[in-house]
Structure formats: C-alpha cells, structure tokens
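Common to both upcoming complexes is subunit A, partnered first by subunit B, then by subunit C.
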Partner chain A sequence: MNVDVSLIDWSRAQFALTAMYHWIFVPLTLGLGVIMAIMESLYYKTGKDKWKRTAKFWMKLFGVNFAIGVATGIILEFEFGTNWSNYSWFVGDIFGAPLAIEGIIAFFMEATFIAVMFFGWKKVSKGFHLASTWLTVFGATISALWILIANAWMQYPVGMEFNPDTMRNEMNDFWALVLSPVALNKFFHTVISSWLVGSAFVVGISSWFLIKKREKEFALDSVKIATIVGTIGILLSIYSGDESGHQVAQKQPMKLAAMEGLYDGGHSVGLVGIGILNPQKEANDNKETFLFDVKIPQLLSFLANRDFNSYVPGINDIINGYTADNTTEISVAEKMNKGKQAIAALSDYSKARKAKDTLAAAEAKERLDANYKYFGYGYFKSPEEVVPNVPLVFYSFRVMVILAGYFLILFIIVWLFNHKKRFENMTWLQWVCLLSIPLAYITSQAGWIVAEVGRQPWTIQDILPVSAAVSDISAGSVKTTFFIFLFLLTALFIAELSIMIKQIKLGPGAEDNSHE
Partner chain B sequence: MDYAFFQHYWWFLVSLLAALLVFLLFVQGGQSLIYQLGKKESELRLLIDSLGKKWELTFTTLVTFGGAFFASFPLFYSTSFGGAYWVWILLLLTFVIQGVSFEYIFKQGNLYGQKTFKVFLFLNGLLAPIVIGTAVSTFFYGAEFIVNKDNLTGVMPIISQWQNSWHGLEALQVFDNVALGLAVFFLARCLACLYFINNINEENINTKAHKHLTINAVAFLLFFLYYIIRLLFKEGWRQDAVSGIISIEPYLYWHNLLQMPVVLVILLLGVVGVLYGFIRTYLCPKFRKGIWFAGIGTVLTVLAVLLLAGFNNTAYYPSLVDTQSSLTIANSSSSLFTLKAMSIVSLFIPFVLAYIWYVWRKMDKK
Partner chain C sequence: MERIKSLKDFFQMYIDGFRSMTVGKTLWLIILLKLFIMFAILKVFFFPNFLNSKFDTDQQKSNFVEQQLTGK
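Coming up: the complex of A and B.
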C-alpha cells in the first residue's frame, strides 16, 4: 500500500488533538449539567432563593464551558470527511446515521432549551425553566448516546454486511447497532464517569470559596450535592468499567493485552496492579516485560471471562495464533493472507461484474465472503502492525483506575466531613480538593486514550485500518491544519480559563449581565 | 416506496436543511454588519445580544445538515470534504471562532478583549456565507475529482481523489461560483437587517437597518439574477436513468425547471416572498414582519435551486475531469435500509420544529 505514512500519522495526530480538546469540555457539560439541574430542582421544590442563586452560578460556568464544547465538537464531524474520506465512504452508510440522528434529536434540543435556561428566568414559569434545564442536560446526554453508539460500532462492528456491488459496508440491522452491548456500556460508562469531572470541579471551586472565607453556605451546599453525585457516578462507573473490560476481552483482545502489558498469555492470569514496563520490550522477543510489577493473582482471567482459571491471550499469542479453552485463533500472518485473498476476490468480483461474467462473479463473491472477516488485515505489511502503543495504553489505564479510586475516597471523605460540619474548617482538605480538579480531567482523558489508542491500528475493528481510511491529501496540508488547530484551540482554551477564573472570583453574588 | 423514492426524499430533506441554513445565515449577515450598525457601545450590545440568542440555531442547523448529508449521501461527504479540503477547513475555522465569541465577548475576564471577538464575529459573518455559497455553486459548476471504487483493492486504496493541488480553493477562481457566494453574503445581510428591524426596538438601529437593507438588497439582486440567468442557460450533467451513463446536456437546468413545474412554482413563490419582504419593509418603515416573508422566501428559493441540482437524474456534483465520476443522488446515496431507517427518524423533524417555534414564541413575548 502506497499511502504516505506521515499523512496517516498527521491525520491521527490532528484527530487526537481535536478530540482531546473537545473532551476537555464535554465531561464538564455532562457532569456539571446534572449537578446544576439538581440544584434548580431543589429551588423549584423548596422555593429557597439560595438554591436559585447556587444553580445560577454554576450555570454561568456551564455556559462558558458549553460554548467552547460546541465550537470544538463541529471540528470532529467535519474531520470524518476532510481527513478520513475513505472511511466516510467505506462505512458512511452505517456511521453517518447516528451523526444525523444526533443532530436532529439532540442538538436542537440542547440549542433550544439552553437559550431558555440562560435567557428565560424572567420570561417563563419556574416549572418551564426547570424543564428546560433538564432538557438541556438530557439533550447533551443523548447527544453523547448517539456519538458513542457510532464510536462503539467502530470498536465492535455489528448490524451490517459488506456489499461488493457498492464496495462498502451497509447497515442491515439498526437495532443491533443501537442496542449493541458495547454501545450501551460505553454510553453509561462515559456519561456517568463524566459526573466525576463535574463533581470534582464543583467540589474544588467550592473549596476555593471556603479557603477564601467567602460564600460559605453556597460552597457547603454545592459540596454536598457534588460529592453525592460524584460518589454515585464513580460507583456506577466501576460497575460499567468492569463490564467494559469484559467486553474488551471478548471483542478486542489486543486492546486488553496492551492495557495489561500482557505479551504471553495463559490460564489464571493475574492483573497488574502497578508496574513499570521494560521500554526495550517488543513483540516476540525474549526480554522481560516489566522492570517492576505487582500482580493480583488470577484477577485478569476473572475480569476477562468471569472465570479465575480462564485463558487470556497475550500480544504474542494474538500475533502467532493460539488454541485454548476450545477456541482457536489463527495467527495475524494467516489473517493477513486471508485479508489479501478477500481484497483480491473483491477485485475479481468487480472485474467479473464489468465483464458481465456471472459465474466468475459468483466464485469471487464466495471467496470474498469466506475471507471478508479479515478484510482489513489485507492492508498490513507485517503482523506487528496490529500492536498498539503498549506503554501509552498500559499507563493510561492505570492512571484512570487509580485516579478514579482516589476520587471515590476523596468524595466520601469530603461528604462525611461536610455532613459532620467539619469540612468548612479543614483548609488542608479544601486545598486537596482544589488541586484535584486537573486530576479529574486527566482521569477522563486517560480513559479515552485507553479506548482509542488501544484499538489502533483500526478505525473499524478488523475491517478498516487507519492506513486505508485517510483522505487523499498531502501530509503537509494536514500538518498545517494540525498547527492551526493547535494554536487556535490553545488560544481559545486560555480564553475560556481566563473567563472561568474571573467568573469564579466574582462569585455567585455578582450580577451576570451577559445573559440578560 | 422504492429506493429512488427514499433517495429523492433525502435529497429533499438535505436541501430543506440547506435552505433553512441559508435563512438562518441572517446571524452571519448581522455579524458582518456590526461595525456599520453598532458604532455606539450600547448599539453593539443590542445587536450582539439579539444575534447571540439565535446563533446556536444556525450552528446546529449546519451540524445537522452535515450529519444528514453524510448519512444520506456518504460519497459526497467522502469526495468533497476530503478533496476540497481547504474550503471546508476554512468554513470550519470561521464557525469555531464564532462558537465562542457570543459567549465570551462581553464576559469579564475576557483576556483578548472585545475587539478580538468582534473581529471573530465579523470574519465568520463575512466568510461563512461566501464560502457556503461558493461551495454550493460547485453543485452546478463542478469540481476536479475522480471516484474509482476499484482503488480499494489497489495499492492506493483511497477511492475519491482530487485532481489539483488547490484542494477546493480553485472554486474561487470561477467568477460564477464567487457570484453565488456574494449573492448569499448580501442576502444574509438583507435578512439580518430585516431581523434587526423585527427584533430590536431601537430607532437608530432601525433607521440604519433600513438604509443597509436597500444597499444590500440591490447588491443581492444583481448577483442573484446574474447567477440564476447564467444557470438557466448553462449546460449540466445528467445521468441516463437506464444505462447510468452521465453526459453533458445544454440548458439542463432550464429543462429541469420546465420538466418540474412544482419546482418552478416553489422558485417563483420564493423569489416573490423575498422581494415582498424587501420592498414592503422599504416602502413602509413601520412594517416589521419582512423577515418572515423574506425568510420563507429564502427557504423556498434555496430549496428550489437545490432540487434543480439533484432531481430529474441530474448530477449534483459534476466531475470536470471524469464525467462518469460525477455524483448523482442515485450513485452516491446510502443503502435503502439506511435511508428507510433514517426516514423514520426524520418524522421527528416536525416535532422538533414545533417545539423550537413554541419555545421562541414564549421567549420573544414582550
């Protein structure tokens, strides 16, 4: 294949850059949205003005964050076409539908009701306003649903078949796509884990007010709601994360192997709690994988297959092929061979159709169907190409898990001390909460790095590698736009931070005339 | 209801979304007028506050239009977005800077100052309508690309390949393309004037909006009439319904208009609506509902123009280097299954429009 490698790398880098910037803002929208909606619900229920004031303050920050989230989101939609045009054709029949539905159902809901939320305090009833706030949050959440359905489908393609006449994959079961276990789990895990970010943000900022001896009641009320939301969010995320790991083990074993730094699999495999990977380690060499590691015996086998003694394949096993627990997986070299046969069969089919040779077309179709499962492997030059960046996935996974555990403990401790009315005097803990805000973002980003770097080199698992998904543009063009986006998004992010900090300093007592 | 029905249905929906988008570009038109209409701080504030309540509708319509086009005609998305790279990136950048500007411009802590975001809004207001209009014009004037699905099985597996290094910017070298871009730009400014007249109760702004409506309406009509007349007399690319062969046909769009009288009626109604909105507002200074007439007229006109581009076996994205690579709604659409599934979802659209109308009616009540 003659696609410029630097084009592929710059295209990936640009998508990663823009997606990571977008993901700075989305989890706060999802998490903070729920918290402020609960606060407004309390205002509606109790009629106490303090809840209205509290909700309005967080809404102000929500607005600052939401605007840049919207602005960065549109980039991704465009990039599927501008940078991944072959992908857009090859799977657009399936992937495009969730994007369109997201626009029709979710975006208009957000765009309409957020206007009521900001501008409607004096124009609509309390009930209508509350409904609008919840509908804004609901709109953001179902927007996440549709994009995560699309993302999950890329990791576990279902509800489709390849049509050799149109030379693309076509949807044949909409509900298989929507109700895919990977999609549902990904949705719950992503949305609910975003509550962690929202909660950490609210707890951290509220702590700042306490450190500054300002707005005590507002801060403590906010801490109360946020710690409860955050704790529930993390507990549910642990449950959905466990299911996520199980799904990955079944559908993307290479990703799981990378997450665990597992080169040589086996039965009763332990989970690496902490470890330092040997930077010299490559697939199929004899070097030690870890310089240091602490394993929890048999746990990986259990998490992967719900059986402490089950077999978990490692990177080398997947590359070389293996037989275990009545399952035989052929080697990547054999898959590449079958993939090349599928590609050749598709070429033969196309020629036969043009020549109106129905017999030859039928024979080619049969070969294609027999080998299509490995179609994407046909684009590789060496088996090692199927291995993602192991250190990045391995460490990101641990960062995510360890920090999520840290926040669970932090939220519970803060809730307890707040409940006992001692938090307001614990300046050291308030500082811990404030300084923990960036850690929440790191947790969230690390989760996405595991999901997206771990599934490399595939855009569509087993069907389309990134190398065959790019657009026909020069690497120089993509490099240029990469730096344009880097500069622009960084500048806008700094602007957002500056406004956010100023709004926080002004506090809930300040009049916000920008939304009146 | 067969495959062709759903292909036409989705071309209609995509065209309708595009038409609504052009109407909603009054936000961009307003942004391009902020230096002229908002010379005083208080006026600027009124203008931006007024537009700031509507910008998300335009933005959302653009995103939905993109998503719907991707889902229903993925070969266009693949060919045009990947090929005309710089045009789409330019459009994208202008919308990214717009997205934050309304929220940040008057906020305390605005690090870059009001002027920066004012420039951002102006740039989006200036460039977005021109780029959109120019890009849409390539639906009639074509672009230089080749689509070869057999590439999937070759050493360079990318099916859509652009045939020049300008990657879309070459469209700006064709005056007719730019003429449509300018027509859309001046139309957006006219609609913005009508919107301000309707939405802002301030005499000075009202007077200036009337003045600018006149100037921009004349400019719009010049470019629009030039474009439409040229379009009706130019050749087009048509696909033979039986053989699938695409060939060039003189006066194709004129023929389309005559062969699709409903589209002709829509076009005429649209143009009348736009003109009525302009003229009545010009003649009656107290008349404030011009935006609705011109807005609906805009939607109908753009809808008709886009139906001319895609219906009646017309190639809506002609290839200037390989006629058979030209895209039609038949050869570029999603599968029947996907179009059907999305058609069910599209039944939500009236409900969405209804709640948008209900909410804004409530919000705009004085």
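Coming up: the complex of A and C.
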C-alpha cells in the first residue's frame, strides 16, 4: 500500500501546529508558577504585604494563561486517534499508562489546589495557602512529567515487548519507562528551561511598569526575583542540556548529526558555534557542508562521549555504516533489509496463526524477534529517508542555544543594575527586557523543534516511521481540520492576549480587594 | 474573616470564590466554550477515533493494523 505524501505532511503539520500552540502556555505556567510561589513564600516569611500584593498580581496572569491553555493538549489526543491510528494502536498500552496517571493525579491535584490559591486568601491560614500555591506548581510540573515520559519513550523505546497477537507494544517494565535516562533528562531540561520563559515574562512586564512610571517598588521586586530564577534556570538548563546532548549522541546519533550539520564524522570532532549550511548539500555527495562556520575544536566529541578524542558518526557514516572505537554500526541498507525481514515475519506469523500452524508461527516469531530492532527501517525505499530536515534542526538548535545565552547575560546584567538601584532609570534596558519576551518563547519552541524534527522520520525511534504510523484517511480531511484549528487557535490566542493585556494594564492595584 | 472549619466551609469557599470573580467569569466562559467546541463539535464531527469508528472488537482492530503495517 502506498501512502499519500501530502497526507503525512498535513498530519505532521497539524500535529506541529497544535503542539506548538499548546507549548505557548505550558512553559509560562511552569515558570511563572515558581516565581509567584517564591513571592508568596517571601510574604509568608517576612509578613510584608507588598509580597502578597506582588504574588497576587502574577497569580492572576498565571490564571489567565492557565485558563486559556488548559485542555489545548487534548486536541493532540484527538489527532492520535484520528490521524495516527496505526501508531495509537501500536503503542496504546505504553502511552495509555502515563497519560492516565497524568489525568487522574496531576490534573485533579492542580484543580483542587488552584481553587485554594485563588479563592482561599481569607479562608485558610497563610501556611496552608502557601502550601496550596506550591502544590499547584508541583501539580503542573507533575503533569509535564507524565507527558514527557511518553514523549521520551518515542525517542528511546524501553520497557516494552511487541506482541504480534495483539499488534501492540506491551509494557513489561513500568520503571524502565519512567526511569529511562532520556525521560528523566527530558523532564528536568524541559521544566527548568521553562523558568526562562516565566522569568523573561516577569522581567519584561515589570519593565513595562517602569517605562510607564507605575508601581516602581512592585516592578523592581518582581525583577529581582525573576532575574534570579531565570539565571538559575538557565544555568541548570545548560547542565541538563549537556546531558541531553550526551543522551542524543548515544540513542539518536542521526539527530545529533543533523543538529551539527555533521555529514562526515570522525575522531576529535569540533562543535559548530555558528555556521551557514550549504543549501545544496545532501547526504553522500561531495559538496561542502558549510558556506561559513566557526567550530570549537573537539567539543562535539566530548559532548557526545565525554572524551575529546572520541569518534562521532556523521550522517553519511550512519547511512553507510561504520566501525570505530570498538563499535560497529551496520548500514541503513542492511537495517532496511532486516526491517523488511521483520515485516515479512510478522505477516508470516499472522498467516501461520490463522492456519493454526504452530511450528511455522514459532519460526516466524523467532525471525520477527531477531529483526524487530530494525522493524521500522523496512518501510523505507531509500537509505537517505532516515535523514531529518538538517537545516531546520541545525538552525533551531543554534537559535535555542544563542538565545538562552542572551537571556543569561540579560538576566545577570539586569540583576546587577537592579541590585545597584540603577535599573529603574535605565529606560533603554527596560525596553530591551520588554521586547525580549517573544524571544523567550522562540527559545522554548526552538528546543522542541530540535527534539521533534530531529527525531524524524520516526514516530518511534527505529520501530515506526511516520509513513507507517499515519491513518488510512484522506489528506483533504486533515487539511480541513488543520485550517479549523488554525482559525480556532488564533481566536483563542487573541482572546488570551487581550485579557492578559487588560489585566496587566490594571496593574497590581486591582488585586488589593480581589478574591480571585 | 471566616476560616474553613468543615467540608461545608470548603465548598462554600468555591461558591464565594466563583460569585466574586471578575475576570474569572470571562475565563470560565472561554473555557466552557472551548470545551464545547472541542468535545461537541470537533471530536464528534471531525475527530472520530479511526479504528473505533470502523471496527467493534480489538481483534478486528488488530487485524486491520496488521494489514496496514505489513501491506505498506
């Protein structure tokens, strides 16, 4: 059966649209949550009303963001069932468990404590209220944990066994799934890097108040907390990002090669600091990879293997196969051959089972198990299909890293000037902070583009490519729902922005007598 | 200030909180409208579960997916 390429592209575009839209709200929830909880903790500790007032203002913006963002992730679940039914069936048992836990525990935890956070200021003790605020933040973070565990499994499938009788990958080790190094690292990197978005938001909006010469004490206090949280968040993200790069090198070497535009690998490979890719460059040609590049010597080898002299495979090496540092990796053509054997064995197993031929079924199952590791490669027509969109991954990675570096410097500078009581008079720097808010979102989205586009062409690494995961439906229906979502999500986004801007303009003074 | 002493007070907190909402009312309206569009329109008319809409039993779904994956 041939799959319509436009069906795959539209299904992917729709998923990307809804996932990226969902990700506008999540990092602000995670980042702003920590900042407002710290502010309330200061109120609890010092008893100063200014911290209560400050925390309440940011809580209101947290509430607006939470309300508009809530349930936008459910759209993704709809798409799994409609557009990606082969995938949904194939992974149902593994995806189901973490998502169910997310729904039951984390959602209800958030729903309960968020009510106390907003309605309980005069109804519960200071300590109970503070605990509720932290538990709201904790609940949101735990929500992210389960989603990220499911996502990490797609990057590095562990803790399961394929059952050809049910056509499903069945979980046989819950803890391998939950404690997968990819999952844990992805969780810490994603959650902590979200502090950058929350901090940039608070610093930017506070700067707006300073530009408008309003609420000076509130703004400067907010800047103080946000720059500290942002700086710590970025420093921890650098640490977890380094570990993430190491994990990618071990588990998804093609993604790493795409991130670096590395076509021909080798020993002691440098990391590209900045570079412009040759747009004509393709796998296994002799063209130059870069029109311009600046490399940091040996750093990629160290990042990948913790050894400055180690071997890092490039795109061509992965396609053609290689032997280095006591490791032999077979070519993609050989993997495709094994994948086709696995698919044929699955077909033979099914026929034998229906014919009640137990011997033939056992033989086919043995062949399937022996080649299952390469199952997904059997769907490719040429080895080059395993290469993701190199320019998109390469540039997105640099956008993420460079902007994160920019914010680190910005937060440190703003903190220093604020500490010396000079920031309040630096209108130009306040404008820089305000105009930098969109850059924080770009940083966060770029990180996801690296993770998800870099995983292509796989839905599940090595096991199921997108071409096999997609449903047998018409591209036209996916195109229609794409534009419905585009319209709906744009309308929701405009609604959020207008409510958010209105609340910001009202300022913290509006909170003084509010119960919300 | 009346503190929560019982479960009834706890639910009263919700009632009082919802009553005194300002911007929250608009947000709840948006949430409810959003959920209605998602579940009553999009899910029903545009996003039926592909396998559930075609097959009744897990065995039938399994056979179909097997056919899809081995025939591609």
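Heads up, the rule we're going with is that the second predicted complex is superposed on the first by the 508 of 516 C-alpha atoms of A that agree within 3 Å, B and C clash if a C-alpha of one lies under 4 Å from a C-alpha of the other, contacts with A are read in each partner's own complex, and residues count from 1 in each chain.
In the analysis below, contacts are C-beta pairs under 8 Å (C-beta built on N, C-alpha and C of every residue); 3 or more make two chains touch, one makes a residue touch a chain.
All of these numbers come straight from a predicted model, not from anything done at the bench.
Superposition of the two structures on subunit A leads subunit B and subunit C into a clash. By the touch criterion stated above, A:Ile105 is placed in contact with subunit B alone, subunit C being left untouched. Of the two partner chains, subunit B and subunit C are each touched by A:Gln503. Of the two partner chains placed by superposition, subunit B and subunit C are both touched by A:Val70.
Touch criterion met: A:Lys123 reaches subunit B and subunit C at once.
Touch criterion met: A:Ser350 reaches subunit B and subunit C at once.
Once the two complexes are laid over each other on the shared chain, residue contacts for A:Glu170 go to subunit B alone; subunit C is not touched.
When the two complexes are overlaid, the chain among subunit B and subunit C that reaches more residues of subunit A is B. When the two structures are aligned on the shared chain, A:Trp89 is found in touch with subunit B and with subunit C. Applying the stated touch rule to the two superposed structures, the overlap between the subunit B and subunit C interfaces on subunit A comprises residues 1, 3, 63-64, 67-68, 70-71, 74-75, 78, 81-83, 85-86, 88-90, 115-116, 119-120, 123-124, 166-168, 343-344, 346-347, 350, 379, 468, 471-473, 477, 481, 484, 488, 492, 495, 499, 502-503, 514. Contact residues of subunit A toward subunit C in the complex are 1, 3, 60, 63-64, 67-68, 70-71, 74-75, 78-79, 81-83, 85-86, 88-90, 115-116, 118-120, 122-125, 164-168, 343-344, 346-347, 350, 379, 467-468, 471-473, 477, 480-481, 484, 488, 492, 495, 499, 502-503, 514-516.
Contacts from subunit A toward subunit B in the complex involve residues 1-3, 63-64, 66-68, 70-75, 77-78, 80-86, 88-90, 92-97, 99-105, 107-116, 119-120, 123-124, 128, 132, 163, 166-168, 170-172, 174, 343-344, 346-347, 350, 379, 468, 470-474, 477, 481, 484, 488, 491-492, 494-496, 498-503, 505-506, 513-514.
Looking at the complex, you find that subunit B touches subunit A at residues 53, 56-57, 59-60, 62-68, 70-72, 74-75, 77-83, 85-86, 88-89, 92-93, 95-100, 102-104, 106-112, 149-150, 152-162, 165, 167, 334-335, 337-338, 341-342, 345-346, 348-349, 352, 355-356, 359-360, 362-363, 365. Residues of subunit C that touch subunit A in their complex: 1-4, 9, 13-14, 16-18, 20-24, 26-28, 30-31, 34-35, 37-38, 42-43, 46-52, 58, 61-62, 65-66, 68-72.
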